[in-house]
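By written order: A, B, C, D, E and F. Residues from 1 in each chain.
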Amino acid sequence: MKPRILVIIPVSTDMWNEMTLKAFRSYLTSDIELDVVNLEYGPPSIETDYDIAMATPFIVREAEEAEKRGYNAIIIDCFEDPGLHACREAVSVPVVGPGEAALHLASILGKRFSIITVGRKYVLRKPTPKIYSLGLANKFASERSIGVPVLDIGGRRDEILGLLIDEGRRAIEEDGADTLVLGCTGLMGFREKMEAKLGVPVIYPGEVAVKLAEFLVLSGYAHSKLAYPKPSPKPLKLPT
Amino acid sequence: MKPRILVIIPVSTDMWNEMTLKAFRSYLTSDIELDVVNLEYGPPSIETDYDIAMATPFIVREAEEAEKRGYNAIIIDCFEDPGLHACREAVSVPVVGPGEAALHLASILGKRFSIITVGRKYVLRKPTPKIYSLGLANKFASERSIGVPVLDIGGRRDEILGLLIDEGRRAIEEDGADTLVLGCTGLMGFREKMEAKLGVPVIYPGEVAVKLAEFLVLSGYAHSKLAYPKPSPKPLKLPT
Amino acid sequence: MKPRILVIIPVSTDMWNEMTLKAFRSYLTSDIELDVVNLEYGPPSIETDYDIAMATPFIVREAEEAEKRGYNAIIIDCFEDPGLHACREAVSVPVVGPGEAALHLASILGKRFSIITVGRKYVLRKPTPKIYSLGLANKFASERSIGVPVLDIGGRRDEILGLLIDEGRRAIEEDGADTLVLGCTGLMGFREKMEAKLGVPVIYPGEVAVKLAEFLVLSGYAHSKLAYPKPSPKPLKLPT
Amino acid sequence: MKPRILVIIPVSTDMWNEMTLKAFRSYLTSDIELDVVNLEYGPPSIETDYDIAMATPFIVREAEEAEKRGYNAIIIDCFEDPGLHACREAVSVPVVGPGEAALHLASILGKRFSIITVGRKYVLRKPTPKIYSLGLANKFASERSIGVPVLDIGGRRDEILGLLIDEGRRAIEEDGADTLVLGCTGLMGFREKMEAKLGVPVIYPGEVAVKLAEFLVLSGYAHSKLAYPKPSPKPLKLPT
Amino acid sequence: MKPRILVIIPVSTDMWNEMTLKAFRSYLTSDIELDVVNLEYGPPSIETDYDIAMATPFIVREAEEAEKRGYNAIIIDCFEDPGLHACREAVSVPVVGPGEAALHLASILGKRFSIITVGRKYVLRKPTPKIYSLGLANKFASERSIGVPVLDIGGRRDEILGLLIDEGRRAIEEDGADTLVLGCTGLMGFREKMEAKLGVPVIYPGEVAVKLAEFLVLSGYAHSKLAYPKPSPKPLKLPT
Amino acid sequence: MKPRILVIIPVSTDMWNEMTLKAFRSYLTSDIELDVVNLEYGPPSIETDYDIAMATPFIVREAEEAEKRGYNAIIIDCFEDPGLHACREAVSVPVVGPGEAALHLASILGKRFSIITVGRKYVLRKPTPKIYSLGLANKFASERSIGVPVLDIGGRRDEILGLLIDEGRRAIEEDGADTLVLGCTGLMGFREKMEAKLGVPVIYPGEVAVKLAEFLVLSGYAHSKLAYPKPSPKPLKLPT
């Protein structure tokens, strides 16, 4: 029987399912099955700690369910890696966070990375808590947003490509970046055109997550259960 | 009308309500009202990232409700500070995390602190991600657990006192700590006896949280809404 | 008998005494007495390490005297916290540094703070040794001076308010700050107007110091004498 | 035509070629060719900075040669990653260092890793410069050697397995590690037995390096040439 | 006219003057004059922040006086470097701190240093604020005291040598040190015997300070006056 | 017999020998002999990791040879300190790196240093791996290049002086530097004029290296052989 990876899109809309399924399957190079689900409950997009809080229990539920149904690895398809540690406690099959995976790859491919993302417009030149907790602060150059809401990135693709290239160029020229990371798994399909224009690696986290999940499945590696121990059984009360 | 503080005990049991109410009211020195609620849903105790994930949406809901009902400050009564950042996004009244408050006080009162806590037995001499993200790694000496489950600390108090003193002494003698922080808000009532035996400050996070909340209410300070912006309204789907 | 706090204004002028007494008493919310003294000897203002060196022995003397006279806590009323560690060695009652207290509060209320201060004009975007030794470098955005000498801030208040707001805005817009800390305890009375204009917390260190001292007095906490041991008696020679 | 990966074994002996070829080919899951070469010149093993210095020019030469001959990726088969940065400057095809790759994977799979290695006996609980320059110091627990010279690890396999398990257990119990990394690419074939005994991930760098190289080849990612620019042509004098 | 260096022994006793003069002159290799003074006022030894506070104004006074009298460099003869920054503000001739100089040399000669010192017995394996503020935390292994009061080290030399060797060996074997620094400028004359027994560099800060001062005098380097600006003139009140 | 220092100019051209010999001898103030050699093989200049890789074995060879011929100290005359650690393993006499020496001196003389160097034009405001591995990141302000190739700095001296002053001024005004370090040992003869214009210390690494080597020779200090152990003898194959 084929190994199977489940991609949990941690939002309560199925608008990303089809394009994610198509893109993520294209990244696989082994005979592995890959499925996509979105959440039944939770927010329609992940942009804040509030969104993460509201989505996380439902992500964990999907992860527990996936393990029961025999999936061999799980991807939480969001750059923010919502619920990553909780899911790793809940299950023993590997759980991959695209943000974590992409930022480690960026640390390998270059000396200083910038994150180019969506949402409200900003430029940040100090590492965020996420970067500090990953331990990658020494390699951080900046984080820049193009100022387009997450829910708009399905459309306006030409405009978005232009904005991504503009901010990427600023990250290179003003912030000293030599490697770029797209800060949202919804930004699929921009990598190649950005690389052609900017001449540096542009990492799409979804692709890295799929390949890491594939590797973990095939090699038998998973997160350390000493680091993420199984919670002892307790009577959890939830709305029904 | 009196200012009011709401203490959210982030577990789905009311076993801590009465003793917390009594203790926390005793810490107030101004004419402030203080109420306690526990969660309707969620886990019975917070010991893992899984527990945090499962409790957080319900904590945020209580915080939103509290602001609507006119509370002037909110305490999330757990050393792990579950949902602290999400609540700060959700509301504008100050939200206090006992862990954050206690560790900052420890950094003021001494040069190197150890956390003495409950749950499975361990000794940790490297800062945890929580400590790194608070930025207090330079002051961290160790974290030590007495090996008693959270749900047992209501009883066995003499035994627990002895264990806390033992681990506290080891933290001082073996790890170089000069200040101790109790790593669970359920550990009320041990501070004075520990200080008498050990001769160093023993910080009970619940007390620090109440006093910080009182200060914030009286002084008009609250968290920066630039740091914790209000989430834009989106259709959140939740089980009913 | 009422608890008593002594505020040591660490300069050899009494020009700040009256306004400090009035402001600091207004921050108290418990039945605590608060007195103010300035130094008999030392510099008229604290702006350099030289000033700190020259003021410190006299600060320590005042602290020792205060403890003998029964004060329950001591505030060294200067953002630079001159003599803080030496005083903590000398006495057992809590000694509060407004700089330390304010920067820890800033780390709680926001994600990145800037210090807005007086003295010669400058902008600093790398943490200073003070910030490193407090361990708060991860939260530091910048330090900016409005370019007005300390001894001028008693007058020119409208002009100074304008300058503080200007630099505060630059800290927010150019340096990524979400929380501001006034870098001089002489800057009382500006907080509210700055907050109204800038929309972020503006921390006045004097207020935080008073409330921390009050808390320490009422809760019985003090600095760790293991961290700050009493100097063994030695024949100290001083000019008479 | 198939993509091809060249493994450069950076020592002047062919004693590792056959077993490396067999093991590394077994890690591939795509239709990729993998070849192995060792150095014509240089030291017989890499244990010191001296060895690295003496091997590096010959590694770089092999890398340049490999790119000319059409290889699509290069692995420098040594945990020390000798010549990694120089090779990345010299060529445009991806160059993979097993040490870098394994330590990043360890940072993903666990919270604190220890390196278990060979050579003279030692225990190190402070991060090494390699760890600092990778930026992974926050996740480092310890580095421990079993005290067996590199050139002896081909034989004595049962004894070595026992020693690796012993030091691995000490790393877990005494140093707080939850994930182990084998500190030498010659330690192939021990992973599974160690994991079975110790219950934590045991990362063999050779396997991770092959999979990272495979991913880079298939995805088209390579190191940033802005980070590792091509040296300008200069008359290099070398012995003939 | 010969260049001249003044050594300020920052204590109110002349018990160290003669042996310091003899030792320090022996370190000079150029035609430079070297004089020694002790303080008229202040504590008899420097062991605490309290001692530093009480000695500092008198150190600064001696430094100002020395510059007026034409000295070309100043050494503050104590490992704690009391008043170093204040003196650098006060004068333009170079001011050398033996602690700072020795710890930088240790960082050059080895990979991990331990400080072996006198005073109350302790072992510290976390960097102190001094180490953090020098920025040398990555190279710090430990600080160990032999438990002999500073004022006793003039006598009991054989016993002290034995204790220094014992603690030095523990630093090497237990803490991973490869280089030792004597943590008190009173510990002259032990270096050679310790090096012979322990086989690692044992740095005596007094020697390093003299040679750094000599270099600064001969090369014309001094501290940056942009980093240590001259305090603006203000009416300083001091006891007469 | 006089002590002797060998300066290894780590490039395969003798174009720097004469001017280096003249300048470096002028820095000596003791009766010490100083000789200069360049490499027989290797690159004509050191600008990249590739150049370092290609030069290093020949540097190590010269160092081994120098020790055999009785030299008492060795300077590797390049700011990049190529082969520094390998040479320290190979020999027991002290080996000095101008970059390491100059950056530690800069950390003593000021609070924030910038490196002003040659090669392709750039400005870098994040510490480089070299700075991190030296542990001096807290004191780093920036690194700026004047955009002139290394091999051109022999001529165009007036133009280069102007460019160095311009970038130095920008480092002071825009990056907050108070101390400058010249980032290439070929930049001899500019220090005094730069200091006169800029009013801050301008450190020429060659001078610092000579004085450190002289001190080490005269004082008997050398690098720790516990930190840099002698490689065990192994059959090294090299082209003949």
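Note that in this section contacts are C-beta pairs under 8 Å (C-beta built on N, C-alpha and C of every residue); 3 or more make two chains touch, one makes a residue touch a chain.
All of these numbers come straight from a predicted model, not from anything done at the bench.
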Point to revise | Shared chain contacts [chain A and chain E, defined touch] | key: B, C, D, F
Review point. Which listed pair, D-F, A-D or D-E, reproduces B-C with over half its contact pairs identical?
Key: A-D
Check your understanding: Quick one: which chain's Cα centre is the longest way from chain E's?
Key -> A
Point to revise | For chain B paired with chain D, centre-to-centre distance based on mean C-alpha positions, whole Å | key: 44
Exercise for review: Would you mind pulling out the distance in Å between where the CA atoms of chain A average out and where those of chain B do?
Suggested key: 30
Review point. In chain A, what residues contact two or more other chains?
Key: 111-112, 129, 132, 135, 138
**Study point:** Chain contact graph, described as a line, ring, star, complete graph or other shape
**Key:** other
Review point. What chain-chain pairs meet the touch criterion?
Key: A-B, A-C, A-D, A-F, B-C, B-D, B-E, C-E, C-F, D-E, D-F, E-F
Review point. Tell me, which parts of chain A touch chain C in their complex?
Key: 123-127, 129, 132
Check your understanding: In the complex formed with chain D, which residues of chain F make contact?
Key -> 12, 40-45, 47-54, 56-57, 59-60, 83, 85-86, 88-90, 120, 129, 132-133, 135, 228-229, 231-232, 234-240
Exercise for review: Spell out the residues on chain C that touch chain B in their complex, using ranges where they run on.
Suggested key: 27, 29-30, 100-101, 104-105, 107-112, 134-139, 172, 178-179, 199-201, 203, 207, 211-212, 214-215, 218-219, 221-227
Review point. For chain D, which residues are in contact with chain B within the complex?
Key: 111-112, 138, 141, 176
